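Take a look at the structures listed below.
Two complexes, one shared chain (chain A), two partners (chain B, chain C).
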Partner chain A sequence: MNTFKIGGVHPEPNKLTADRKIETLALPTQAVFPLSQHIGAPAVPCVQKGDTVRVGTRIAEPGGFMSASIHSSVSGQVAKIDSVIDASGLRKPAIFIDVEGDEWEPSIDRSDKLVLQCNRSRDEIIECIKNAGIVGMGGACFPTHVKLCPPKECTIDTLIINAVECEPYLTADHRLMLEHPDEIIIGIKIILKVLGIDRAVIGVESNKPDAISLLQSKTSMVSGIEVMPLKMKYPQGGEKQLIEAVTGRQVPPPPALPANVGCVVQNVGTVFAIYEAVMKNKPLFERIVTVTGKGLKNPCNLKVRMGTPVSQLIEYAGGMPEGTGKLISGGPMMGRPLLDETAPVVKGTSGVLMIPEADAIRREERNCIRCAKCVQACPMGLEPYLLATASERSDWECAEENWIMSCIECGCCQSTCPSRRPLLDWVRLAKNRVGGIIRARNAKK
Partner chain B sequence: MAQKLYITTSPHIHCGDTIERNMRTVIWALAPAFIASVIYFGLGAVIVTATSVASCLFFEWFITRVFLKRPSTLADGSAVITGILLAFNLPSNIPLYMIVMGALVAIGIGKMVFGGLGNNPFNPALVGRVFLLISFPAKMTSWPVPHQMVAYTDAVTGATPLNLIGQIAGGNSAAMDQLPSLKDLFLGNIGGCIGEVSALALLIGLLILLWRKVITWHIPVTILATVAVLTGIMWMINPVLYVNPLYHLCAGGLMLGAIFMATDYVTSPMTATGMVWYGIGIGFLTVVIRYFGSYPEGMSFAILIMNAVTPLINNWCKPKRFGEAVK
Partner chain C sequence: MSFILTAILVLGLTGLVLGLVLYVVSRKFKVEVDPRVGQIAELLPGANCGGCGFPGCAAFAEACVKSESMDGLKCSACKSEVMQQIAAITGHAVEVGVEKVAVVRCAGSCANRPSLRVYDGAPSCAAAALMNGGATGCFFGCLGCGDCVKACKFEAIKMDPETGLPVVDQDKCTACGACVKACPRMIIELRNKNKLDRRVYVSCVNKDKGPVAKKACEVGCIGCGKCVKACPFEAITLENNLAYIDFEKCRLCRKCVDECPQHTILAVNFPPKKEAAPAEPEVQEPQVEAPVQAPETSVEQKTAE
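Moving on, here comes the complex of A and B:
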């Protein structure tokens, strides 16, 4: 079985919700839509206070080339355009909508009927994906229409579907594959059409045998789509790691892109959103969220309208367990901590995870004993101990020489450090500074 | 908000590994060698090991609490290991005051002056041992013969396999007949330092370290392989002067050094390629000192010299970066 070659760790999978069917969460009373739910420029509101909107109405337009539209997930009235603290921990501008009824835009096809035939041209599909506000659903939230237009000089030969879900606890993608395999396969065909290629590989980790066999049976008659089981290892869902696992190719260090080695990677949730946008005219306004945690009464996979406060998801799952120490948006390896439960679900919310206090507290930091476990764990072949020390000494030159910009912030180093050093904190700091130095240098040229 | 939530950046989970866990595993891995030493050297082994561990703990406690006024670091287990390793590198008939002096040098000069665990450039136990070797060469190079269960400083000493190997290389072919059998050598039924005699017990320790993922195979395997290859070449050139490489592998402190001393986290290189070069260096220097040096054993010096080279190795041997091959 394939996997990536360098480093990697094996955190406990804790997939508590793998057998829980996707349930639909009730509408919130008020939905909140932060304007930056994606990488790039924030969206610009195109509604005002007092406007009436329907489900699927566009409420904010892209604020630039690298940006994405935002659509209302509810019907009702725009209450205000204010700000909210999102998973970044920062206060960000957001549109607040008071919910009245559930009236959808009439252009959206709400039936369950599978639409098989796509008659749109390549450009029409890209326009449609852009208009639907689709971004990478794996958590990075890179605008999908940008990713589907790789630089002209690159020849793409393989579409890789990221169905790895290597983050512990999360099962949203797993459930999506089990419950909507046909839609995913049609979505893959749409993307293949856009890219003008005929080979797609769905990468799935071997801990999801049911999804692997289901997709294999569904694709057995489809030429060009292959399901590839991968050996379990974190961070296999990292774009570069997945490309290597599937094709054996290594993406060169930044600024190189996956397209430089002929690959485009799309998350399986994004593929589903593309199907809905292209075939059902449905913009991206709901997603599957795994609500989980060891003490939780009813961990579950929920279909949630964007903008729903996290508190409503937690309530559905049985309320926050006694002694919860950390509330995380996303998975335990790369997710972001939430300040409280009022944060809204956004496009990148793959999970809501509650961790008991005992696990949430960081243990006291000790001297580096140079055990080299971080070097062994790093999937990018870096020396986290050295980068962290360089960062502590503000030695940005040393950090740059030692490839700090290649760090993908997967957290393998810090999660294995027996001295409990906050390696990734230091690396992030240095990465930020070195990135600024490189940009300044390039601007001078 | 009913509950107080912690805010930290990712990752939010940890594999659970701690310094203490690693040190505990090393102590368990040293247990077979200790049992073997008690079987062969009896009371002396127990007295020397207990004194060494107790003095190392005392000096570490004294320096951190009384001199530095810092929280005690005894609980991390590193002083216990230094104590055990120092004892394992001493003959079982060495007087108490020498052990205490060795422990003071090991902990004080070997480790604490550099800032404690993690900052020492040299293996502390070896610093202590080499200090004793230079200060008390006679006491440090006469080893009791095994099976004197209740003897301590009064134990009868005799030639060790390495002494004999040296004599053979010096042209005394009669010494060849005194060499113990390979079986005795492998089990540890020979004279030598407390912890180094039983290759079997040390190899069990190696398996424990590898199984618990405390160390990787690189350092011990390259050291043993280098010694085997170099002594094998000498043996093939002249089997009259140079003994079978298996004798070299099982004799002296090679196994103990390769498995427990050279693999010390703090003083060994950080990357796999670095570890291989480090291992080759130690193996090479050991053979050179054994054959051409004035001491019968070269392991401690070889490791200390390579400890000094470790920072350079870390600069030279970088891991293979992701995407480096396809520039």
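Moving on, here comes the complex of A and C:
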């Protein structure tokens, strides 16, 4: 079985919810939509206080090329446009909608019937994806329509579907593959049509044998789509790692893109959203969220409308267990701490994870002992100890020279450090600063 | 014996020739250095804090000599006498600026602003600010990791372990602005070092609406605007639910201090009220400022007492 070559770690999978069917969560009483749910410029609201909206009504337009629109997931009245504390604890502008009933936009096809035939042209499909506000559902939230228009000088030959879900605890993609395999395959065909190629590879880690066999049986009659089981290793779901695992090609350091090696990578969640947008006319306003944690009564996979407060999800799963030390949005490796339970579910919320206090505490930091475990673990071949030290000393030049911008913030270094140094925190800081310096330099040119 | 003589002769000749070469080269390629640069550099503190905008004290000294006037050239770490001495060396007139001091605009101590969470990441305010909103309910206040302490080249800022807030030693502070740049929350501000080091300022940067700010911190500005009405000199402005006292306009009358319902506005180094003896100034609100030292007498001020 294939996997990527350098680095990687093996965290405990802890997939507690792998056999829990996707349940639908009840509507919230008020839904909150932060305007910045994606990479790039924040969206611009196109509704006003007091406006009546339906499920699927566009409430914010893209604020630039690299941006995405936002749609209401509920019907009701716009209560206010104000700031909200998002998952990262920062205040961001958001649209608040008071929920009344559940009235959908009439253009949305709500039936369960599978639509097989797509008569739209390439440009129509891209426009449709753009209008539906679809972003990468793996967590990075990169606007999908941008990704589907690779630079002209690159020839794309392979579409890779990221169904790895290497992050411990999370099972949202796994359940999606088991419950909606046909939709995913139609979605893949749509993307192949957009890219004008005929080869797609679905990369799945070997810890999901049921999904692999199901997809294999479904794709056996379809030419061009291959299911590739991959050896378990974190962070296989990283775009560059997955490309290497599947094709053996290495993406050069930034500013090179996966398109430079002829690949486009899409998450299965995104593929499903593309199917719904193109075939059912349904914009992105729902997603599957894994609510999980060791002490939780009823860990589950939920189909949640965006804007629902996280507290409602936790309540459904049996309430916050006693002695919870950390509440995380996403998985344990790459997730961000949730400061406030009232933060809304956004496009990138793949999971809500509660970690008991005993597991959450970071032990006392010691000095670096130069064991180079972090160097061994880094899937990008960087030297995390060096980058962290440079960051500690505010030596941004040294950090840039040592390829800090290649860091994918997977957290392998931090999880493997025997001295418990907060390597990732330092690297994130330096990456932020160096990124700012590079942007300023480019702006001057 | 002859080999000793040969050795001495060869070495001596080599030394002589090389010495001559060195002498000629040093004469021929001599770099003219203005002696005034060295003189000025000696007057400067040599901390290379960068507060003047030049990369280090030597660069500043060179700029002083090369420049045609002293406009825009100011070593923020130097006292005004030193600047005058520098001006005397360069032969340009120098304007005596108003002396400033760093002021920490946050009073959210552990007692006033209870911790809701624990931050256990990298011990750096910048990293903490990037990660999340800090350990308390206030998303504007001091993060308490001490980036300002690390940034200070003059050891003028220390963390108070009791309050968890930085404390500025006003005698050591040179107003170079390194801490202002280091603080990711932009809490620290350079304010005028008034007569007897007296200052009145809003010790809060919270832009949240009143109820939210009040819930987060007992001494947070709630943007009620009472101080704006109370100020007879129009020195206070209210923007984004936050009052700000313009230190150029403030006449230190302290009417706003009495008016503030949250006790956010602090008056430091004033004598206690009713006692009209300003001989020994005392700190009225001791939790933020450093212990009072003998005030600078040389500070020229326009403030009316």
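By our rule, the second predicted complex is superposed on the first by the 442 of 445 C-alpha atoms of A that agree within 3 Å, B and C clash if a C-alpha of one lies under 4 Å from a C-alpha of the other, contacts with A are read in each partner's own complex, and residues count from 1 in each chain.
Note that a residue touches a chain if its C-beta (ideal position, glycine included) is under 8 Å from a C-beta of that chain, and two chains touch if they have at least 3 such contacts.
Quick caveat, the model's predicted, so the values are computed rather than measured.
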Task = Could you say whether A:369 touches chain B, chain C, both of them, or neither, answering first, second, both or neither?
result = first
Key: chain B or chain C, by number of chain A residues touched   = B
Inquiry  = If we overlay the two complexes on their shared chain A, which of chain B and chain C does A:306 touch? Say first, second, both or neither.
reply    = neither
Task = With the two complexes superposed on chain A, say which partner A:361 touches: chain B (first), chain C (second), both, or neither.
result = both
Touching partner for A:337 - first (chain B), second (chain C), both, neither = both
Message = After the superposition on A, what does A:390 contact: first (chain B), second (chain C), both or neither?
response = neither
Inquiry  = From the superposed pair, tell me which chain A residues show up as contacts to chain B and also as contacts to chain C.
reply    = 89, 336-337, 339, 361-362, 425, 428
Ask   = Tell me, which parts of chain C touch chain A in their complex?
value = 117, 120-122, 124, 126-127, 130-134, 139
Inquiry  = Quick check: in the complex, which residue numbers of chain A touch chain C?
reply    = 85, 88-91, 336-337, 339, 361-362, 392, 422, 425-426, 428-429, 432-433
Key: Touching residues on chain B, where the partner in the complex is chain A   = 1-15, 17-19, 21-22, 76, 115-119, 216, 265-271, 314, 318-327
Query = If you look only at chain A, which of its residues touch chain B in the complex?
reply = 6, 9, 11-12, 89, 168, 240, 244, 249-253, 256, 261, 320, 323-328, 332-341, 353, 355, 357, 359-363, 366-373, 375-376, 378-383, 385-386, 402-403, 406, 409, 411-412, 414-420, 424-425, 428
